[in-house]
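Chain naming follows the written order as A, B and C, and within any one chain the residues start at number 1.
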């Protein structure tokens, strides 16, 4: 069994954003030399997500509006977590809806994807350096 | 390390449905000959889910009602994604709640499940051909 | 490829709770002797979750309030699943938001975590014995 590890770093200038990281994961896969196996891609921070969906900006707008309706950022004082001095309790909630990680099959040296699948980094509390882990195991 | 890959195809006649695919995954596992490892089961489409829960039709009704309340199909025009000509923005949202994939342990050649765990395909925008990927790695 | 399997047992005295199981997973990893690979940690029951987030009690209070607003326990009769004699339909819904499982990378014999990542068992229908599966594969 071979394994390969790489970190992707982000410093998103806004509080929230969706970034297509599929090319970064594909580049890591090429470097790994692994042809059969799986790749785990996970946010290493608990106010961010990694998820798979469509690279369509209208949809990303819909996610933003929808997540804000499910877990509003304000009022800040509504959340006990924010008593710690943070203002990011909503980000911890939004991340649960969108998920921490994806596991993708590797077949013949490629991400084994359907026609529209793309991997996104979902930032819900940006303006600081944060990381995504890419871990590949296989042969 | 051995690996095995199979696609399950669906063409659900309604917009939404939940289909128990546990027997399909068990059949793939038998064909693989793998006794120890993991199986990844994921929707290859971004308006569908694979998830694990109870095979109880009352619960499936509750999921349907609940998901519709969290991410209503209508009004269609509420969603920017639907400006592309689609009417399935809600399906992209519902899929995030229910999840894209499951990873299940394989022990002694069997899905290593608790007493009620069953794997479901969740369709949120049917009436077209769609696929689920079963990828097994192990020994 | 090596594999290791362990069950963690719980009997939570309340209906709902969040329990930090990171030390249990780390102990299983040490017993496994595996240095490179992945660990799957999943609830074996369908009214419980395994998820990764912050070990901060204010946040756990926020999750409790938020999940209750998204999928209220009462009125019991609102859910068809409860026609079976159960009163836990809401627990099946809450579990979908928080997730069934996590997959964590293992690097140099350790859980490959960001600074605040901790693994939690989320109980949504306690007062009975329930299990979490820890399955490790690698070398």
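The rule is short, and it goes like this: a residue touches a chain if its C-beta (ideal position, glycine included) is under 8 Å from a C-beta of that chain, and two chains touch if they have at least 3 such contacts.
Since the model is a prediction, treat every value here as computed from it, not as a measurement.
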A CA-based fit of chain A to chain C gives a rotation angle in degrees, as a multiple of 5, equal to 120
Given over half shared residue numbers means same and under half means different, the chain A/chain B interface is different
When centres are defined as mean Cα positions, the distance from chain A to chain B in whole Å is 20
Multi-chain touching residues of chain A, meaning two or more other chains, are 1, 38, 70, 97, 99, 103, 137
Residue set of chain C touching chain B in the complex reads 1, 3, 5, 38, 40, 42-46, 70-71, 79-84, 89, 92-93, 95-97, 99-101, 103, 131, 133, 135, 137
Chain A partner, complex, touching residues on chain C are 1, 36-38, 51-54, 56-59, 61-63, 66, 70, 97-99, 102-105, 107, 112-117, 137-139
